[in-house]
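Since the structure comes first, as C-alpha cells, the remarks are kept for the end.
Chain naming follows the written order as A, B and C, and within any one chain the residues start at number 1.
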Amino acid sequence: MSGATPIPPRAERWRNRAAAAAVIAYALITLLPILWIVQTGFKTPPDSIAYPPKLLAEPSLEGYVNLFTTRSRQTPEYIAALPPADGWVDRLVRSRNMVVAGPSKFGQRFVNSLVIGFGSTVLAVFLGTLAAYGFSRFKVPLKDDLLFFILSTRMMPPIAVAIPIFLMYRSLGLTDTHLGMILLYTAVNISLAVWLLKGFIDEIPREYEEAALIDGYSRLAAFRKVVLPQAATGIAATAIFCLIFAWNEYAFAVLLTSGEAQTLPPFIPFIIGEGGQDWPAVAAGTTLFLVPIVVFTVILRKHLLRGITFGAVRR
Amino acid sequence: MSARSGRSRRWPRVLRRRPWENAATATIGAGAAMLMQPFSLDLYGWSFAVILAGTAAFLVVSHFPE
Amino acid sequence: MTQTSSLHTLARRAGAATPPVVAARVRGLSDRAVAWLFITPTMLLLLAINVFPLIWTIRLSFTNYRANRPNAPLRWVGLENYTSILSDPDVWHAMQTTAHFVVWSITLQVLLGFGLALLINRQFRGHGLWTTVILLPMMLSPAVVGNFWTFLFQPQTGLFNHVVAFVSGRDPSSFQMIGDVTLAPWAIVLVDTWMWTPYVMLICLAGLRSIPDDLYEAAEVDRAGPFRRFWSITLPMVLPFLMLAVLFRGIENFKMFDMVNLLTSGGPGSTTEVASITLKREAFEKWRTGYSSAFAVILFVTVFGLANIYVKVLNGVKQR
C-alpha cells in the first residue's frame, strides 16, 4: 500500500452512489414487465387492451373470476328473468350479460402441477441423495465418466428426447398420465440433484462418519444418523431447484400431455375469452403461477449460484 | 489414481492429455461453427461429420493421463 | 448442539486412533455393496428414460418410420435421412436463425451481465436486495415468459411499443415486434436477454469475488491505472467463469424451444424458426419420425460435444 496514491474517500463514495443508481435503474426496468402482468390481472378486459395503455385502471377481479369459471353469453331478457344474483361473482359476470356455467380447468391443472412437481421432486431428491453419497464417499469405477453421463442427460434438447419418449409412452400407455410425467421429470432432475448434492456432501467432513463407524454404527446407520442431518440444508435447496424445474417445464408437458395430466405452463397461454386471448385471465393465471417461484427465489438466494452451476461454484 | 500414474511412466510424452483435449475442443467448436455459418452449404453438409469426429476424439483423449 | 460437539471429539479420537480404511469396514454391508446399492437406482432410471430412448432414436434415424402410421411397412434407408438434412437449405436456414439468436443474445448478456456484476461488486448499501430483484426473471418459466411478452409486444396497445415510443419519440403503432420479418428475430433476442442477463451476472460476480485482494494491492504498488488493472487482473481472472456462463447459455439457446415457441412459434414465415422448432414441426406436425430422429441425433451429438467442453471448463473453475 505504501507507494500507492489512495483514492479519496469522497470520490469513492460518489462512485458507489453512481453504481447503486445504475443497478437500481436496471432492476426497476427488469421488474417492469412482471409488474405490468400482475397489474393486468386486476384490469377489466377492455382496460387491458386500451389505447394508449392505462397505467392506472380501476381495479377489478374480473380476470380472476374468468380464470376460475367458464361462462355462457345470454340475452339481457334471460338474465333479467333469473332469480337475484347471489354474491359478487354472479353480479360481476351478469354485468357482462353472461352467467356462470361452471368451474374452469385451471384448478385441476394447478393440482396437476403440484402433484407432478412434488412427486418428481421427492423421487429425484431421494435417488439423488443416495447416488450423490455413493459418488462422494466411495471409489466407483469410471466415476468421472458416470458423473459426466449423468450431467449430459440434462443438457439434451427436450424435443429430441421427446420423440422416442413419445413412442415409448404410447406403447406403455403412459401418455398423459401423472406417473409418466413424474418419471420423466425425475429423470431430468436427477442429474441436477446428484451434482448439487455431491457438492453439499463433499463439504461434510468424512471424520464424522468415521467416528460413527468406530462407535459401531453400520454404514447405512452412519449415513442416516450423521450425513443426512448435516446435509439437510443442501437437500432442501436441491429440492426447491427440482421443484422449480418441474413447475416451469413446458416442452415435455406440451408434447406428452393434453388433458388428464396437463400442467400449467401449456395451459395458461390458451385461456381464451370471446374473440381471442382473455388477457386479464391469462395475467391472473400467470400471477398465481409466478408467486411460488418468487417466494422460492427469495428463500434460495444464497444457493442460486450453486444451483445454476451444478454445485461447482460455491461462493 | 495410482493405476493411472503407474501407466503414465510408460505413456509416451506426445500423448499427454492437455494438447489433445484442446485439439478435440477446437474440432467440436469448428464443427458447431460450420453447422451454423451462413456462407457455404458444403461446409454445413460436413459439419456433422466434424462434430462427431471431435466428440469421439474428446471422449478418447480425455482418458489420457496428464 | 451437544450431539455435534460429541461428534467432534469422537472425530478427533477416531482420527488419532484408527486409519480410515479400518474404520470403513466395521460392520454391516461392505462399502462396495453400499456404493452400488446407492448408485444403481439412479443409473437404472437414466438408462430407462434416457439411454434406451436414445438408442431407439438412433435406430429410427436409419428408417422411414412415421409415428402416425405405425403399421406402414418399415424401410431401412441407410444414411438417407442424414444426407437429406445436411443438404437441405431450409434446415440450414434454421441453423442460421439459431446462430443469430445464440450469438446476439449471448453477446448482449455478457456485456450487460458483466457490467452489472462490476457495479454490484462495489457492495454499496442494499446491493443484496437489488441483486435478488435482478435475479427474478431467470427463475421464471420460459414458456410463461414467452407468453406474457406477446402481450407486452402487442401491436399498438403493448407496453413495449409505448415505452419505446416514449423514449424515442416514434409513433407506437409504427412498428410491431413479433409480426415483422426484420424485428421478430430481435424480439426473441430481447426477451432472452431480459431473462438470462442475471445468469451471466451471477456467475461473473462469483468470478469477481474469487480475485484475491492482494493482486489489486500489488497492481497499486506498480501504479497500474484502472484500465490496465481491468485488462491484466480482472478480465483474466473472470474469464473461466465467463466461459462457463457463455457455454451453458450457448447450449441452452442452441436448443431453445419453449420461450420461442410461445413468443413467435417460428413466425412470421420462418424468420424465428430455430432448430428445435423445425424439429418439432418435422416430428409432431409432419410426423416424419425417421427424418426427425436423424435431426435429433445431429442436435444430440452437437450438444453432447459442447457439454464435454462445458464440463472441462466446469472442472477448471471448481479447482480454484
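We adopt the following convention: a residue touches a chain if its C-beta (ideal position, glycine included) is under 8 Å from a C-beta of that chain, and two chains touch if they have at least 3 such contacts.
Note that this is a predicted model, so its numbers are computed, not measured.
Across the two candidate interfaces, B-C and A-C, the one carrying more C-beta contacts is A-C.
Comparing mean CA positions across the assembly, the chain most remote from subunit C is B. Centre-to-centre separation between subunit A and subunit B, using Cα means, comes to 37 Å.
Subunit B and subunit C have CA centres that are 22 Å apart. Separating the CA-averaged centres of subunit A and subunit C is a span of 16 Å.
Each of residues 304, 306, 308 in subunit C touches at least two other chains. Subunit A makes touch with subunit C in their complex at residues 1-5, 15-17, 19-20, 22-24, 26-27, 30-34, 36-37, 40, 49-53, 127-128, 130-131, 133-135, 137-140, 146, 148-153, 155-168, 170, 183-184, 186-187, 190-191, 194, 205-208, 210-221, 223, 226, 244, 247-251, 254-255, 265-266, 268-269, 279, 282-283, 286, 289-290, 293-294, 296-298, 301, 304-305, 308-310, 312-313, 315. Contacts from subunit C toward subunit A in the complex involve residues 7, 10-15, 17-18, 20, 23-24, 26-29, 31-32, 34-39, 41-43, 45-46, 48-50, 52-54, 56-57, 60, 67, 112, 116, 119-120, 122, 124-128, 130-144, 147-149, 151-152, 154, 156-159, 162-163, 172, 194, 197-199, 202-203, 206, 209, 217, 220-221, 223, 241, 244, 248, 251, 254-255, 257-258, 261-262, 276, 279-280, 283-284, 289, 292-293, 295-297, 299-300, 303-304, 306-308, 310-311, 314-315, 317-318. Those residues of subunit C lying in contact with subunit B across their complex are 82, 86-87, 89, 92, 95-96, 98-99, 102, 298, 301-302, 304-306, 308-309, 312. Those residues of subunit B that touch subunit C in the shared complex are 21, 24-25, 28-29, 31-32, 35-38, 41, 44-48, 51-52, 54-55, 58-59, 62.
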